[in-house]
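For reference, the structures are reproduced in the following blocks.
Here come two complexes built around subunit A, the first alongside subunit B, the second alongside subunit C.
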Partner chain A sequence: MQNILEVHGLQTLYGESHILHGVSFDIKAGETVSIMGRNGMGKSTTLKSILGIAPPRSGSVIYKGEDITRLPTWKRMRQDIAYVPEGRGMFHNLTVKEHLQMAARKNSRGETNWTYDQVLEVFPRLTERLTNKGTQLSGGEQQMLAIGRALLTNPDLLILDEATEGLAPLIRKEIWQVIRQIKDSGVSTIIVDKNIKVLNELCEQHILIVKGKVVFNGDSETLNENKEFIEQSLAV
Partner chain B sequence: MSIFANKSEKIFIYLFFAIGLFIPLFLEGNTFYINKFSTIIILAIFVMSLDYLVGRTGLITLGHAMFYGLGGYIFTILAPEYEAVNFWVYTFYVMLISGFIALIVGLIVLRTSGIYMIMITLALAQMTFYFFADSIEYGGQDGLFIYIKPETSIFGLSFLDLDNETHFYYLCLLSLFNCFVFFKIIMNSSFGRVIDALKENPDRATALGYNIFHFRLIAYVLASSLAAYAGYLFALQFGFVNPSMMSWDVSATALVMALLGGLGSIYGAIIGSFVYEGLHYFIEHLTEYWMFFMGALIIVLVLTLKYGMAGFLNNLSGGKRS
Partner chain C sequence: MDTSLFLVQLLNGVQYGLLLFLIASGLTLVFGVMGILNLAHGSMYMIGAYLAYYFTTLTDSFLLAFIISGTIALVIGIIIERFLIIHLYKRDHLDQVLLTVGLIFIFNATQSYVWGNDPLGVEVPELLSGSIRLTDIVEYPVYRLFISLLCLVVAASMYFTINKTRLGMMIRAGESDRAMVENLGVDISKLFTIVFAIGVFLASLAGIVSAPIVSLVPGMGEHVLISCFVVVVIGGLGSIKGAFVAALIVGIVDTYASVLLPQISSMSIYLLMALILLVKPQGLFKN
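Presenting the complex of A and B:
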């Protein structure tokens, strides 16, 4: 299988503080990959470096065989990458409907895999909230809207940063259900989360980042073999 | 879908244009007031374009009057001195050329934001101001005169005589109406949604795959060429242009009017201009120290009305804040 994303030796700094110390990994097309790690270890920074929001000082990001390390963020996103940020990033001046309308577009090949109606079908709760502003929603609804907004750009690679953080268990379950649906539709997905049990069952590949370095990279089987080490690294 | 954001906007717009249509009948040819209204309506177009830029796009400029002045200058420089040209054709020229200038200026100023953008727009506007104020060719401080007003025929049919104050008033009212509808259509389009989004959170809009620079540039060009159109009308009304049209206090006053009306509400620009000019007229006739009282009153109004007059009207009608 072809790699959709190859990350080589990312070195990223915020001002003086060195966050990523040579992060490298590959992601195969159609796979779902988890990135785990404690808070402050560089998970979100890795994602931001891939997207160009926190440009790396050195290293490269190869997406669909093309080096995108120097591309501006908006151009990367136009190549069918979608990002659901930590904290969801709602616009308080737009309604739910307007959020979805502004994001919707065909992908770079001119295909529409996700329509407005389909997204509302996946997230029926949003249907009742169409005229509410983005910030007048519950945390779970905001998360659904953020994912729905991302899907409407018809991505090939979906990046979810802490999609279930701070949500009630029932809502979490609903979100995981949807992520499974997305996985089944063939979209490559990177998930940053801490729920090792769900990730283990959902993802084909697992990456563990500790202090800005990849310390584990393997499939679910290898993950189970090294469970003790992984859990130790995730424990606070 | 309605183009109105809320009930108070709908009521205001209907009332304003209904009264606007009939007011010349009541004034019975009192040209002083008709001219006064025309001037305020022209100002409202200018303030509206600034309101779109500042209130909707989040680009704060102190150089908007540069385009207001350029609108007048472009017409006066282009049009032959003793020949009546076509109003619509020159509207096109004025907006096209000012739009092109805005494109160049935008490419420079939009690389900055916040206080830096305020400073750089101010600097460019002052440069343009002194360029015209010191030029011999363009009349220096005195400016240039328009001896013959354009004719307004379309395919040989002419309805408006620009030398007639009432006709000119209706042209201004029509322009304001078009301007309002234009901004409303833009705001409700997907372009408008992206503009709203990037004002709220530029990084997020970028992460959704939008080049925010392009969007800001388009908004800047649109608003600037409409400001130039307002300046063009102003020049036609008074029959001259001079550099004071583009002095920085014109930009600042327009900003105050936009604030007074309710930033980003678009129709607030109309309220802001009328309230400001109304107060100005009223207080000016009461006391010699009108500026002092005017200033104090505006401070009180801006402090008490958090979302401007538009927000106040909206609260009155019991509507939700938009």
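Presenting the complex of A and C:
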């Protein structure tokens, strides 16, 4: 299977503080990958470096065989990458319907895999909230809208930062269900989350980041073999 | 004041207010979406008026002058954003003031150099030069009604574009969280160029259509800029709806004050602003 994403030696700094110390990993097309780690270890920065939001000082990002390290963020997104940021990125002055309408577009091959109606089918809760502003929604609804909005760009690679953080258990379950559905549709996905149990069962590949370095990179089987080490690294 | 004079002044006030809206809407749009305070916005009003003068004289047709001047204004807007304003996005407001005040000097010097300092005028286009009979003794110039109508059409199109189209949604989203708009694959720099060019175009459009009813003098841009600031502050910074309501209030108050209270007419709109800010410190429509 081909790699959809190859990350080589990312060194990323925020001002003076050195956050990523040579992060490298590959992701195969169609796979679902978890990125784990304690807060402040560089998970979000890794995603932001891949997306060009926090451009790395050195290292490279190869996407579908093409070096995108120097591309502006919006151009990377146009190559069918979608991003659900931590905090969800709701617009306070747009309704739920408008969030979906403004984001919707065909992918770079001109395909439409996700339509407005399909997204509402997956997230029926949003149907009742169509005229509400994005920031008037509950945390769970915001997360659903953020994912729905990302899907309407018809991505090949979906990046979810803190997919279920701060959500009620029932809502979490609903979100995981949808992520499973997205996985089944063949979209490659990177998920940052803390729920090892769900990630273990859902993802083919797991990456653990500690202090800006990849300290573990393996499949679920290897993850189970190293469970103690992983749990130790995640414990506060 | 008798009824007919009252009516004429009301129409004048509304017309002046709508014109102010045209200018103020561009100012508030650019500020709201891009966070840029363009002090040279009034200069674009002036340039619009002088371009209209130049091309009306050259082509003998106000309509042609209207089209050519409007197009030039759009191009000027694109050039200013691409080459100058683009450097301001990551800087503070002081740098914005320095750059845009610098632009005022450049535009004023250009105006003075090209057209001189004597007052100039543009004739009302023949097709619109007549008057409409309002009552037995009162007539009202068709051209002023035309300005009001044009401003209303522009206001309605702006309302439609901003609230109903995808471009409008992107513009509003950019107001809320520009990084997220980029995350959705939108070229925010192109979006900003469009918004800035629209702002410049609106100010110039006001200058173009005003040319036949005002005298073209140096400094006309600054005068109108100050009135626009009053409108934008009363309406609420960044709010287009607020600018519309505030512009009408300011237009009507200014017009009536100059007839009824000529002694204080020059300060009437500032008094109005002070009063409104006392009750609503964020303006009528907080954005």
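Throughout what follows, the second predicted complex is superposed on the first by the 236 of 236 C-alpha atoms of A that agree within 3 Å, B and C clash if a C-alpha of one lies under 4 Å from a C-alpha of the other, contacts with A are read in each partner's own complex, and residues count from 1 in each chain.
In the analysis below, contacts are C-beta pairs under 8 Å (C-beta built on N, C-alpha and C of every residue); 3 or more make two chains touch, one makes a residue touch a chain.
In this text, all values refer to a predicted model and were calculated from it rather than measured experimentally.
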Checklist entry - Clash or fit: subunit B and subunit C on subunit A? => result clash
Checklist entry - Of the two partner chains, subunit B (first) and subunit C (second), which one does A:H206 touch, if any: first, second, both, or neither? => result neither
Checklist entry - In the superposed arrangement, does A:R172 touch subunit B (first), subunit C (second), both or neither? => result neither
Checklist entry - Thinking of the overlay built on chain A, is A:T153 touched by subunit B (first), by subunit C (second), by both, or by neither? => result both
Checklist entry - Just subunit B (first), just subunit C (second), both, or neither: which does A:R129 touch? => result neither
Checklist entry - Touch check for A:K183: first (subunit B), second (subunit C), both, or neither? => result neither
Item to check | Residues on subunit A lying within both footprints (that of subunit B and that of subunit C) | outcome: 51, 53, 72-75, 77-78, 83, 85, 89, 91-94, 98, 101-103, 105, 149, 153
Checklist outcome for this item: Listed in rising order, subunit A residues that touch subunit C in their complex are 51, 53, 72-75, 77-78, 83, 85, 89-94, 98, 101-103, 105, 149, 153
Checklist entry - Within the complex, which stretch of subunit A touches subunit B? => result 51, 53, 72-75, 77-78, 83, 85, 89, 91-94, 98, 101-103, 105, 149, 153
Item to check | Contact footprint of subunit A on subunit B as seen in their complex | outcome: 190, 193-194, 196-197, 199-201, 203-204, 206-212
Item to check | In the complex, subunit C residues that touch subunit A | outcome: 166, 169-170, 172-173, 175-177, 179-180, 182-188
